[in-house]
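Here come two complexes built around subunit A, the first alongside subunit B, the second alongside subunit C.
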Partner chain A sequence: MGLGLLALRASRTSLLGRSSSAISRPGFESGNPNFNLVRWIISTPELQKPEAATASEPAAPPPPPPRTPVGGARVHIEKPEDAIEVFVDGYPVKVPKGMTVLQACELAGVDIPRFCYHNRLSIAGNCRMCLVEVEKSPKPVASCAMPALPGMKIKTDTPIAKKAREGVMEFLLMNHPLDCPICDQGGECDLQDQSMAFGSDRGRFTEMKRSVVDKNLGPLVKTVMTRCIQCTRCVRFATEVAGVEDLGMLGRGSGEEIGTYVEKLMSSELSGNVIDICPVGALTSKPFAFKARNWELKGTESIDVTDAVGSNIRIDSRGPEVMRITPRLNEDINEEWISDKTRFCYDGLKRQRLNDPMIRGPDGRFKSVSWRDALAVVAEAAHQVTPEEIVGIAGKLSDAESMMVLKDLLNKMGSNNVWCEGNGMNPQADLRSGYLMNSSISGLEKADVFLLVGTQPRVEAPMVNARICKTIRATKAKVGYIGPPAEFNYDHQHLGSGPQTLQEIAEGRHPFCSALLSAKNPAIIVGAGLFERKDKDAIFSTIESIAKQAKAVRSDWNGLNVLLLNAAQAAALDLGLVPESENALETAKFVYLMGADDVDLEKLPSDAFVVYQGHHGDKGVYRSNVILPSSAFSEKEGTYENTEGCTQQTLPAVPTVGDARDDWKILRALSEVSGLRLNYTTLGGVRTRISTVAPNLVHMDEREPASFSATLAKPETQQKMSKEDFGVAVENFYMTDAITRASKIMAQCSASLLKK
Partner chain B sequence: MFARLASKRLLEIRQIFNQSPSQSSRSLSTALNYHLNSPDNNPDIPWDFNAKNKEKVREILSHYPSNYKQSAVIPLLDLAQQQHGGWLTVSAMNAVAKVIEVAPIRVYEVATFYSMFNRAKVGTYHLLVCGTSPCMIRGSREIEDALLKHLGVQRNEVTKDGLFSVGEMECMGCCVNAPMITVADYSNGSEGYTYNYYEDVTPKRVVEIVEMLRRGEKPPKGTQNPNRIMSGPEGGNTTLLSNPTPPPCRDLDAC
Partner chain C sequence: MASLLKSAFNAIKEKGIRNVAREIKEAGFLNCLPDGNLLQIKIHNIGATLVGVDKFGNKYYQNMDNQYGRHRWVEYGDKKRYNASQVPPEWHGWLHHITDHTGDELLMLKPQRYGIEHKQNYTGEGDEYIYHSKGHSLNPGQRNWTRYQPWEPTKTDG
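And then the complex of A and B:
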């Protein structure tokens, strides 16, 4: 883009500098189409007769030196006899059987232009941009749809291939509006880039361009359908990955358009990904529309904390503002998709923020004070109660460092009543296998039968759901679901809604048992919503007996999984944030809420002193006496462990708001003020402390599987399962925590997309 | 210099547009590629195959393997269209989607692709004028004009009595008897449904055909030129008048 602009500018200035007679010179006529009376594409004779051009070349040019594969593409050939050798531009490359010509070219280090081809979607072969020349083939072949054959001689840089691409590009641009200056895709547009690299500098189309009515796909995706080049990536994404067949290709010929036919919003929790896969500006982000250009943004590689999956994201910021969130590739966790909540919750980071320490005065109103005063008040209040009356609750979005410091501080105060919300009052933190997704998220692809117990993955963890959906599409795996009626985007059997069904399966009386027992790799996924139940232990022991019968836990396969709900849960259990007594909250006099908003504070005695430390003025603030502002995940460096036990960290993308500080720093300062000095002062110090408690939490980007299986050495439980049905853990997918509840976009989504 | 060149170019562009005034308005067989709710066409209107056609649906489905039910989409849409008087409502398409167990959008895709599926109301007799080159050269524009003028409607518009509508079709393979029109006759439901060609028509003859249809008569199908037999030449054969001589063959007896 930049080069093209420069070239244009250069030619224009030289034009103005010369006398008018210079215009008639042929060089200038071809350089500036405005002055041509008839527009044509100047073609060289070699392009017209490629055979002649190739014939005149020397007989055997030396093969060029090997190139590095595109984007670090690697291939693993399982059986050497399945490998075939093809020649890309004369350079031999070994590829496994069944690979396409395009993939072979990528391995050989040649980037083939493409629009419709996407390596995670089925092959459509309709954009024709990937045409290459193959020796002995009468015409250029679409490399994305052509399987590589032994000894194939592929030529990507010949006049035929170049002419083919140029021609395709001209056709694609025929009906494409030239509105790049007002298009949000500008700067990251495949069509823009590829037309610069492979297209002609002029077109011959003089008729009217077609116009297409824009579609309403909901509050997230903006459509400008005249820009669409009919690559059908979005249609294939919706069908294959998101599992909602809403989009389709309507009409034929030049009247073809993408749409839903009937007025329908895109009812998928992954709909935002069509923005990324759209190669042009037809589908763009509605909240991000006209807000910024992509080259103004600073990208920070971070992770998502709105659910327990820990999707890898890039936070794009401009100055102090988060402008948008886009996914990062991580094959083991989110592939290259993220959920709509992850992508669009960012406007919640700018609203309802707490920016000053505040104390509630005798009149019940909050008053801004200095940090010194606020901490002194908190320390004073903490000293006035007995250690048993002190309670600390970590919130859904807490990082491991702050939870460690919270636990250390409360322990120093003499209390061990510290837990993380969502884990229930009686969490099982001894064996990691009891609260992790043991078969790992990518490992779910190996499963052939799924049993979902009290979990609705579509709303609890859309990326895990996408994995299950992918597995089912690929292998026709069966899914059994126990829980309240819920929406799924794949075929499933609703077995029952409560523990009774579970009992039936455990006793082998249920028809689903045969599928479960004959499965090679059965995967049982238990929802973390069950953690809050009184009969949790009984339920888990029943599930374990089912797992034992189905041989779900073996040395080579561990199919007994727990799907957590919140980003903080796994790390909290790793760090041993377990309450000492089950009814600590009823007798508490000093409650330290570290971003905990969904705790039932009704039970709290009315004279209890509540400190709320967090970044949003959410539910927790209403009952609090002191507010300590802290930084959100986009503003701090924090460690999070996802549901499969993979440790990852967020990095600060933007500065904190107002006078807010990192969670662990506030707690460390409080320890100083209250005279219980903790013996670390840096983040590194905190991490060293963490490594003594949970060493896996300092190994970044590594998944630490549980070493013992839960079926080992577990005391028999005396509990009985109640008859009460399993509940819904996530009522509103779009609003689950302080950030998403503050987000306007998420509010729009829940208003328009959730079914009443 | 600049101004002169620019004005010349502008003139040229203007000429290009003047030459092709119809460029801006494309004519498709039926309406839009998206659906707009109307009182007689919205997803809330219940629609199902009638008892007789349910039998036919079963018959059609039996042609395909049970795991490839979606292959039956075109015959089923056709059946639904015949049952519904020549056009498909959204609910009819939804009913087809239900029968073949696919998402409704997959049926919409097919129905919008084929121009013989009408997604807007048509008359009991849907008159389709071939507009492809051979017929156009032989005067299909005049045929259409005559029809439209006689019926007093626009293209794709239904007459007030609901009997006729005129549409355009691409080549129906009848070029030897150009120009031609097709009449899709929905007057007798899906049992008596006919789709007849009227060939060698003239502006006068099409009006006669329309009037015959209005009276409930059945105009003779095929060529309307009394001097032609089917697609034979006018006034009898001009070639191949004698018995063809057999190809030369060696004398078998001589062997």
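And then the complex of A and C:
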């Protein structure tokens, strides 16, 4: 951050210095007085007497050319009368009222060094690194905590500001260990960068450095608390974003330290984010410790598939290995956080991998074979059964392309029994509003009352939960929850645990009704765990009647939401992966499992031929007759639609393992071998085919809202709601799919963090 | 010359002609016939003092009557394929006039726990001595570059 700016300034000053002395162009000499001389990083004589230096400056310099805002920062001023004008280094910039000096400087293109300030957290103002000089102010001011006032003249580059930063840096480094060579943050450390840019070239500290006992925060976050500079970012993150008040500040003065007040682990599903926000190496990733340096890593911008949120991630890889996963900024989906499952599931990508096609021999043992043989066996088996006995099931992690090809292939074989696990046997795929989060994830911030039906967002979709938590912190929105007892990290009312409560609300007999009916933007969130219930249609029609009473579905607000569980669900329903008959599995003779591990294979007839195509040796392989290895999400280009209907794609970060191939390629090859040639051969061809079925799936990074609301023209259901309580959709947050079940880190997490 | 013959005669008388012949062979006198280098060293050795013998059988001679800088030399233990890398490090300093301490003295300084045995340079001595990198398939300790752990089909129930 600071380094780039420094380099820019250094090059600018040296250019100016040289040109004014050697070529002596008048245009350059009349520039900003701050750029006139070659400036040194260390203290210069003028620093000792700042008054004298200011006095010697030439009068009334013209403003320098405008600079571009830092990091593309831009601001939208709603009312022009709310705009105020401040001067940053002599350059006027318009900012809205209430912005801090630091934000104004960012808009003016000046990057202020900072440690404690984070634009998504509350302002602490305790690191003092962001000191700037303001005219008519007797002392340098902490720009992160000072609101910008009209006509303020901010100077970020004066000797006083520089001296202040240098002094702050010296105090920070006093008690900071000089262990950058063995520190995992080395290379991406704010303190390292800023001490290069703003620090002094020597220290005057000769006493002993203080040391702090390391804290045990669980299997994910490694602590080296001696490195901590007490910026309290982690404390504020835990309280404000993660919603757990686990971390805090103990002691005063040099005895000050961050810790959990009593010995305990950090019990948040977002705890990994403190690794990112820690500006020094005090909180680092435990699984990543001493594994790689950040400059060795290749970053690939991809998305997460472990839940239906589709968090934007960067997969950092070295050679054929995924080394770590870090979040990417997407204001609409995950802001800049990701859940622990997303961040630490990557070691599951290296374990239990299927790397060769295998056939189960007559002795019941698997034998590695060539692709040609494996596909021939599958094609022959498919030809020996009648089309009605063919069933295809897409798994939780399937991308849209492979599901399209699977459906096309099975349709060509004559079967229409294709579905995606988690969607239930009778999914409603006609209206997109019936399975999407209609108010969008960022739109949840507008809601003032939440009704959670059969969903525990904290384990099903932590990023959605973080959004709800943020809304509740900001607006004190009410939350009602219907379902089994569950843990929440915000205030909520547990209304009941089953459909009866739902019925009471629909009939207006429940005390929560008054809150729901008086709400301006009520948001009803229904868990996708209900898809598996037999009385699903009745439940949904009850929820729709509640939504109608609460006026949750209007032209300007659609508050009837479904929170999906898996990455593949939305795209599967968009592509029409709906089984033809409800008990297809009981009569199936040929089952094609495309990464489906959570299907109840007990129901299968014992003579059924099962093909498992997937990347992990998980539950599904043990029943299968043929194993076809495919690539995981980090190894392929695949389209995924998240729970709010936003289409995103993964990109290959690492090569596939062994002899594995992309899912859609395997199916395409199988179509060729079985003589049912599909008429596309490239990924582009598959996507063209997708665009004829679901055009929204080819518009990347765009959210396609449902065009019709769910309340429109739906047949009356004759079903009655059963008395059975809502179940828990996600038993173990850390282990939900093949990748996370193979992961050792996730196993450690579920052992230590889920202990009751 | 006469004393040389006399001592030779005495030796034959004491040890028998066979043993003397074997000693001559072991000392490498036969190799002197094709190898003039060795012959020259043998001639040099006459009148020189034997300073020490290392565990490889190399003999270190010194003759202070020689020109300075040419007064120390080695007669290699291996009479056939000898080269400079056969001199162990403790004798190297003495031989190259770096120090006046002989190898036997310097051997006392050798660390007991981690000092490894001297090995000559085997370049050109055969395939088994060729260096292969850690990823080379001819390296017996070839590293495993597989960065994933494959699934093992252990369960056999169907």
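Observations
The criterion applied here is as follows: the second predicted complex is superposed on the first by the 711 of 756 C-alpha atoms of A that agree within 3 Å, B and C clash if a C-alpha of one lies under 4 Å from a C-alpha of the other, contacts with A are read in each partner's own complex, and residues count from 1 in each chain.
As a convention for this text, contacts are C-beta pairs under 8 Å (C-beta built on N, C-alpha and C of every residue); 3 or more make two chains touch, one makes a residue touch a chain.
As the structure is a prediction and not an experimental result, all values here were calculated from the model.
With subunit A as the common reference, subunit B sits beside subunit C without any clash. In the superposition on chain A, A:M249 contacts subunit B only, with no contact to subunit C.
In the superposed pair of complexes, A:R353 makes contact with subunit C only, with no contact to subunit B.
By the touch criterion stated above, A:V657 is placed in contact with subunit C alone, subunit B being left untouched. Shared-chain residue A:R365: touches subunit C; no touch with subunit B. Looking at the shared chain after the overlay, A:T68 reaches neither subunit B nor subunit C. Shared-chain residue A:Q718: touches no atom of subunit B or subunit C. When the two structures are aligned on the shared chain, A:N679 is found in touch with neither subunit B nor subunit C.
Across the superposed structures, the minimum distance from subunit B to subunit C, using CA atoms, reads 25 Å. Listed in rising order, the residues of subunit A touching subunit B in the complex are 20, 23, 34-35, 37, 206-208, 213, 215, 245-252, 254-257, 259-263.
Against subunit A, in their complex, subunit C makes its touches with residues 147-153, 155-158. Contact residues of subunit A toward subunit C in the complex are 319-321, 349-356, 358, 360, 363-366, 616-617, 621-623, 657-658. Listing the residues of subunit B that touch subunit A in their complex gives 1, 5, 8-9, 12-13, 16, 20, 23-24, 26, 28, 33-35, 37, 43, 90, 102-106, 108-109, 112-115.
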